[in-house]
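Look at the two complexes coming up: subunit A is in both, with subunit B in one and subunit C in the other.
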Partner chain A sequence: MLEFRKEYFADERDENLNEIGKPTQRQDMVGHVTGTTTYFDDHKLAGLLHLKVLRSPHHHARIRGIDTGAAERAPGVRRVIRGADVPRNLNTLLSLLNFGKDDEPTLAVDKVRYKGEPVVAVVAHSEREAFEALAQIRVDYEPLPAVFDVEEALKAGAPVVNETYPKNSFEYHGRYDHQKLRFGDVERAFAEADHGLEERYQMSPIEHAPTETNGCVAAPETNGRYVVYTCAQGLFFSLDTCAKILDVPSNKLHFVGGTVGGGFGGKVDSLTEPLAILGAMLTGRPVRYVLGREEEMQFGSPRGAERIYVKDAVMRDGRITARKVTSYFDSGAYTRLSSYAVIKCAAHIPGPYTIPNVHADVYCVYTNRVPATAMRGFGVTAVDFAIECQMDKLAHLVGIDPMEFRILNAYRDGDMKAHRREAKNTALIECVQVAAEKAKWPIREEFRRMSSRAGGGGARAAVPHTPGTPAGGARPPAPQRTTYDRPPQPAQAPIFEPQKPSPSPPSPRQPTPAPATTQHGAARFSSVFGTRRR
Partner chain B sequence: MAKHRGRGMAAINYPIGMNLGGDPSQALVHSNPSGKFTVALSSIDLGQGMKSVTRQICAETLGVPVEDVYVDTADSDTGPHCMGSFASRGTHRVGNAVMAAAREARGVMMEAAAEELEVNASDLETDGRGNIHVKGAPHRSIAVKDVAIAAQFKQGKTISGRGIFLVPLSEVDPETGEMSPATCYAHACLVAEIEVDDETGEVAMVRMDSAYELGRALNPKLVEQQLVGGAWMGVSHALYETPEPYYPDPSHGPRDFNEYVMPGPGDICPHDIAVLERPAPDGPFGGKGPGEMCANPVLPAVANAIFNAIGVRINDLPITPEKVLRALKAQGGARPQARR
Partner chain C sequence: MSKTPVQFRHNGVDVAVFVDGGANLLTAIREGVGDTAPKFGCGQGTCGVCTVLIDGEPHLSCITLAEAVAGRSVETADGLKNGPDLHPLQRAFMEHFAAQCGFCTPGMLMAAKALLDKNPAPSRAEVVEAIGGNICRCTGYEPIINAVLAAASAGPGRQRA
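Up next, the complex of A and B:
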C-alpha cells in the first residue's frame, strides 16, 4: 500500500503539471512482461566464439610458470590469451576520474591476489570446449600467506596484498592511509558527557545477485571497429575503460546496451568487456563472455564488508554531543571503487543528525579476497546500520522513546553539517512523524509539532572550534562550490527550475589515446584527493 | 520455547548523485517530421525505469503528450556521454540533462509555430495534447505535427535540443574532510515488526510501515516499485544474504540460489508506505530519486526490532538464525522488552 502525503511541503510544489506525477506505464513494460525485450545475450551472431577464464585456486600465490601448450592444441580452441597479450595489463577503474593508481591486471602475471583471479582466457567454438581446454592448463603456483581481516591487514608485518599499496591501505591526499573528518572537539565532549557508548559493527559482503549475470558479446564491425553488446551500468565508463586497457582510440569501440537485467552496482567494473573485445580482435570473430551463476556469486565483485566502530557522547536530556567513527572498508585485493566509497562514507557521518562534535577516520583496506565494488547504498548502507543501531541503544540508555530521540537530534534547515556545508531541503523530522503515525507508535504532541523548517540555523549553523586543524579553530565555512550552494534565487522563479550547467563545462574527452605521460583522456579532472596516477 | 514479537525503527537520509559531483550527463532531443520526439541517451535502464521517467520529463518540458516521446537508450554512437546508472543519479542528473535538451527543442518548436501562425513565439503556449495555440485564443492553434512538417520541409529548421547537467566537482580537505558531497538528500523512516522464534533463531517479518521523502515523485508507480522492492532487498540484507557467512573467514561461499539464501514469496509481509515530496531546488521538477536509499532503513530497523523482541543486540550482518541462537544462549534466554 502506498499513499501520498501531499499536505507536507505543499507550498514548495507546483502541482499544475501535465505528465509529471502521473502513473504512466513504462515504455518497456510490454517487452519485459512478455519476454520479448532484447538483452545483450540475445545477440546470437554468426560464427560466435565463447570465452572462459582460468581462475586462481589460491587466495595469494606467486605464479612460477604457466603451461598452455595442451590447451592451445585442444579441440575447438581458437586462441589462448595470457597477461602478455593484454596491451595495457594494469588499470584502476577510477583512473578515468584521475583518482588512484593502476593496480589491477586484466589477467594475472606475477602473482594472484585472490581466489578466483583470472589468469588465462581461452576462446573456443563452444563453452564446453573452452572449459575442457582450461582444464589442461598447468599453472605452477607458490602459495603465499594471505590476510583476510582488515585490522590484521593494517598491522606491521602483515602480508602485502597489492604491491601498488604496500601498506595494504589506499593513500589519500598523498600522505594519509585514511580520510579524515574533523568537526569540533569530541574528546572534550566525551569528558563532559553524562553517558558514553562505544560499539563495534560488522557487515559481511553481499552479492548483487542480478537475474542476468555479468557478460557481453563483442564482434568486429567494419572499418576496424568493434561493437560490444553489454549489460554495463555505465556505457561510456566501460567503453573508456576498455579503450585504455586495449590501447585503442575510443571511437574504435561501439557500445550498445541500456537494457539490463538488474545491476545494483555489480555491473560497473567491466568484468567481461576487455577480454571479450580482445578475443574478437585476436580471432576476428564475435566473442561471447558471460559469467556463470557460480562465477557471478563467487568471483563477481560483491558489496564489500565494512567494520565500523562508533563512540557517542549523550546527555541525560537526550542530546548527542559527540560522535566518533572509525571505519574500515574491505576492498579485497584491488581498489576498484572502494576508495570512492570511503569519501562518501566520511561525508555521511554522523548521519542525518546535528551533532556539535564529530570525528571520523575511514580506511580503504586491501585483503586477499575478491575485489569489492559498488552496491546499492555504496558507502552508506553499513554506516546507516551502525548509526541507527547506535541511536536505538542511546535512546534506551537515556530512557527516551526512539522516535522522539531521532526528532530531538534530527538535522534541520540551516544547521551546519560535519562536512561544513549548511543543511538544506531537509525532511527527516517529517518522515519520523509520518512513520510513527502510520505504525500507531505514540509520540508526544511537542514532537508531532516540530518541523525541519523551524528551529535550525542560528547557533546550530556555526563551525565549532576544531583542535588540530590548520585554521586552528572556528572559521566561516569555505565558499560553497556546488550549483546548489549558490545564493538563493529570486522567489518568482519556479522552485524546481534546474540550475544552468556550469558556465564553462569542461572540454570533452580527448579523442586520441593519451600519451604515457598524461592521464588517459581525463585531463579535465584535477586530482581532488591528491593521488595522481603515475 | 516461544515466539516473541517486537518493533524497531530507523531513520536515514541519502545523498543523490555521485559523491562530490563531477558526474555529467548529456541528452539530445529531436523531432521527426511527424512531431514525434526521440530522446538519445547513453544512460542505462537497469529495470528501475530510467527510460520512463526521462520520457515524462521530456514530454512535460516540451508540452507534448508522453506518447509522442520515445527514449532510445543506449548506444555510444548516437547517445551522448553519461556517467552511468548508479549513485541514485539517474532521475536527478539525466533528468536535468533531458530537461535542458527539451527546453532547447521547445524553443525551436515554438518559433516554428510562431512563423506558421504569424504571431510572436512568446504569445504561444502548448496544451499538452499535441497542439500549440495563442495564449487566451485557443482557436488560433496549430498541431505539433504540422509545426514539425513546416519546420522540416518549409522553414528548414531542426526541432532539436542539446542538454547537459553537471554538478561541478568538489574538493575534499585532507585535514577536516570539508567538502560538498551532494546537492540534495532523500529521507526515510521505517518501522519493522518482526517475530523471533527462540527455538530456531529464525526471524520472520510481520509488517513494515514507512515514510519516504524523495523529492517530487515524477511517476508514482515507479516510486512504488522502487520502494517496495528496495525494502525487500533491505530485509534480505538484514536477515539472509552474504557470500561469506563467517566473514572474515572466506569459506562457505555459495554457488547458486540454493546456497545463497534470500527471502522468498512466503517470507513477504505487508508494507504500508507514505510518500512525502519536498522538491529538490535543483532537481528536474523537484525530483531527487528513490533508488538506493529505500533499502537502508530496513537493516537497522530489523536489528532494533529483534532487541525489542528478545533483548539481544546483534551488531553483525546478516542476522542469521545461528547468530540469534548464540546471542540468546549467551544472554541465558529471551528477555522481551516493553511492547511498542
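Up next, the complex of A and C:
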C-alpha cells in the first residue's frame, strides 16, 4: 500500500481528498481475470484477410526494381500493395502539430534506410498464404554504405541516411541542427574550479516487448467508413495519422481501442493501421495486420539510444559550479518522436540541481538503425541516468556523502533554473531525506533539517551573465504568480554553506482559513498548469 | 487447404472444430471454438500468455498441435468461474491488484491453477517456479505471487475464499 507522508508541506494541502489514499478497484479488472477483456485481436470478423509485409534485409540500399508478378498469382492472395498504392506515402508523426518535415514512407519506394523497413505488403486469405507469397517477391537492391554511430553520422562525408535531412540531424526552427542551452559562463567556471570531471555515457536501444504485439484489424463499415480495432496507445493520434496517409477525411475512420496489451510507448507510431485500412479499402474485406514476435523485437521501434558527455566543475566544499552536456539522440532512420525527445532532454538539463553555469548541446541524429519512439520518459531517463551517475562520482571525488551531496546541490524554491524559469514547489531535498531514512542511510542532522522552502532565491534567483546572449534582456518576464504558488521566501541561508548549521525550517504558517467548500478548477487540475500546491 | 476434424472437451463441454494441417491448439481454441481467453504473444512457446491446461497439466497452446488434444480435456481461463461465482484465484488476483494490462493474466491464472490443484499449500518458491514460464511486462510479479499464495487454500496469505 502506498504511504503518504502528510507531514511534508501539510500547510499547502487541503485535507479534502475523496479518492487518493483509498484503494479503488479497477473497472477493467473483472474482464482481465475472466479472460473476457476484448483486445483488438479478439474481434471476430467474417471473411477476415491477413496482411503481411516484406521487409528490407539491408540497412541501407537503393531499390532498383520490385517484381511482384509471382506473388500476385500465388494461391490465396487478394492484393499486393506497393508504395505507389499509398495515397500519401510520406509522413512524419508530429506533422499533425506542424513539427518537422514528412520524411517516412509507409512502404519504401526508392531506398530502404534500415533493416526491416517495409517494402511490399501482401493481403491473403491466411497468414500462411501471405507468407508464401512474400517469399516469391523479388526486390533488386543496390546496397549502400550505412552509418550506425551518432557521431560518425554527423561527420562530413558520412552517408546521407534520410534525404529530407541531408546533414543527418533534425532541423529545429528550420535552421538549427541541435537544441542549445546557455546559462552563465561554464568556461570561466571550469577555469576557477577545484576539480573537473568529464565522463561519457552510452545507452542502448531498449525494446518495449509488450506481451501483445503491435497490430490492428480494419474493416469496411456499412456507411462508407472503416472501423479499426487497434492496440494504438494514442487512438486519435493514430486516426489522424491514418487520415493523412490515406488522404481521407478523418470522419471516414472509426477507431475502437483503448485496451492495450502492454504498450510502454511502443504503440504510438501507427505501425500497422495505415496498411490495414488501405488493405480493407483495396479488397473490401476486413484485414488483420499483426506483427509477429520477431518483427516486434527487431523492427518495432525501440527506445532510442543516447550518447551523453557530461563535464562538471566542482569545488572542494561540494558546490557544483558548472555542468556542460553534449548529447546525441539516435533517432534511427526517421524522425517519429525523437525530435521531441531531444527537446525534453535539453529541458531536463542540468537535472534537479541549482548550478550557476550550464551549457548544453543536444542533437537528434539519423542513422541506419530502426527508428526510435516513445518509451517511458524518453529523452529524460537516459540523461537522468548520466547525471545521477555523475553525481555519485562527483561526491566521491570531493569526499562528501552522496545523499548529502545531492541535498547540498538540490534546487530550492525561488532559485533560477538554467531555462530562466523560477523553481517552484521543489521537493528534491525532502525526497532524498525520505530515501535516506528508508534505506537507513545516515545523513547528518543539518542535512536532515534542510528544506526546499528555505535557502533558495536571493542571489540564487539571478540570471548570470551569459556570453553570446544579449545582456539585460536575457530574462523573460516572470511567469504570473497565482494564489496557488508558495509565497517567495526571503533568502535565509547563504548559497552553499554546508559546514554551518542550516537555519531551522520555518515554523508552519498560521493555519489558513478553512478551504472553500467548492473546489476550484484551477486547484483540481493544478498539476497540469504547474501550480501544484497552493 | 484440406481440413481435419478434432474433437475434445473444452471447459467441460464437448466441442469439435476443423483445423488446417499443422494448426496449433491456440488457433483451434481462438478461431475454432471462439474462446479468446488464451492470447497470442510470441508463437514460439516463450511468453506463456497462451497457457492452457490439458488433462490438468499446463501446456503452451501456441506450440501444441491441435490434433494432439483429440479426446482430451482442455481448460482455459474462460472456464475458471463457476456460473457467476469467481474462482478463488480470480478473486485473489482482483484483490491483490495482480493484473495491469491483463494480457498475461489468463495464462498466469492457468499456470497458478495447475499448481494449486496439485499443491494446495505451495511455498513462495513453488509459486515462483510455477509461473516461471509466464512473462508479465507490466512487471507485476510480486502482486501475482501474493495473489496465488492468498488463493491457496492453506497458503500463508490466506484471508478470504
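The rule we apply is simple: the second predicted complex is superposed on the first by the 463 of 534 C-alpha atoms of A that agree within 3 Å, B and C clash if a C-alpha of one lies under 4 Å from a C-alpha of the other, contacts with A are read in each partner's own complex, and residues count from 1 in each chain.
Basically, a residue touches a chain if its C-beta (ideal position, glycine included) is under 8 Å from a C-beta of that chain, and two chains touch if they have at least 3 such contacts.
Not measured: the values here are computed from a predicted model.
Visitor: In the overlaid three-chain picture, which partner chain does A:256 touch, first (subunit B) or second (subunit C), both, or neither?
Guide: Only subunit B is touched by A:256; subunit C is not.
Visitor: Examine A:41 and indicate which partner it touches, taking first as subunit B and second as subunit C; both and neither are also allowed.
Guide: second
Visitor: Which partner, subunit B or subunit C, is in contact with more residues of subunit A?
Guide: Partner touching more subunit A residues in the overlay: B.
Visitor: Thinking of the overlay built on chain A, is A:30 touched by subunit B (first), by subunit C (second), by both, or by neither?
Guide: second
Visitor: Identify the partner contact of A:283: answer first if only subunit B is touched, second if only subunit C is, both if each is, neither if none is.
Guide: After superposing on A, A:283 lies clear of both subunit B and subunit C.
Visitor: Quick one: classify A:213 as touching subunit B (first), subunit C (second), both or neither.
Guide: second
Visitor: Looking at A:431, would you say it contacts subunit B, subunit C, both, or neither? Reply first, second, both or neither.
Guide: first
Visitor: Just checking: does A:301 make contact with subunit B only, subunit C only, both, or neither of them? Give me first, second, both or neither.
Guide: Neither partner.
Visitor: Now for A:466: first (subunit B), second (subunit C), both, or neither, which partner does it touch?
Guide: After superposing on A, A:466 lies in contact with subunit B but is clear of subunit C.
Visitor: Of the partners subunit B and subunit C, which touch A:293 in the superposed model: first, second, both, neither?
Guide: A:293 sits against subunit B and subunit C alike.
Visitor: Counting contacts the way the document defines them, which residues of subunit A are shared by the two interfaces, the one with subunit B and the one with subunit C?
Guide: 25-26, 28, 32, 209, 260-264, 293
Visitor: Enumerate the contact residues on subunit A facing subunit C in the complex.
Guide: The touching residues are 25-26, 28-39, 41-42, 44, 126, 128, 208-213, 260-264, 290, 292-293.
Visitor: Using the touch rule from the top, collect the residues of subunit C that touch subunit A in their complex.
Guide: Contact set of subunit C toward subunit A: 1, 20, 34-44, 46-47, 49, 76-78, 80-81, 86, 90, 93-94, 97, 99, 101-106, 109, 135-138.
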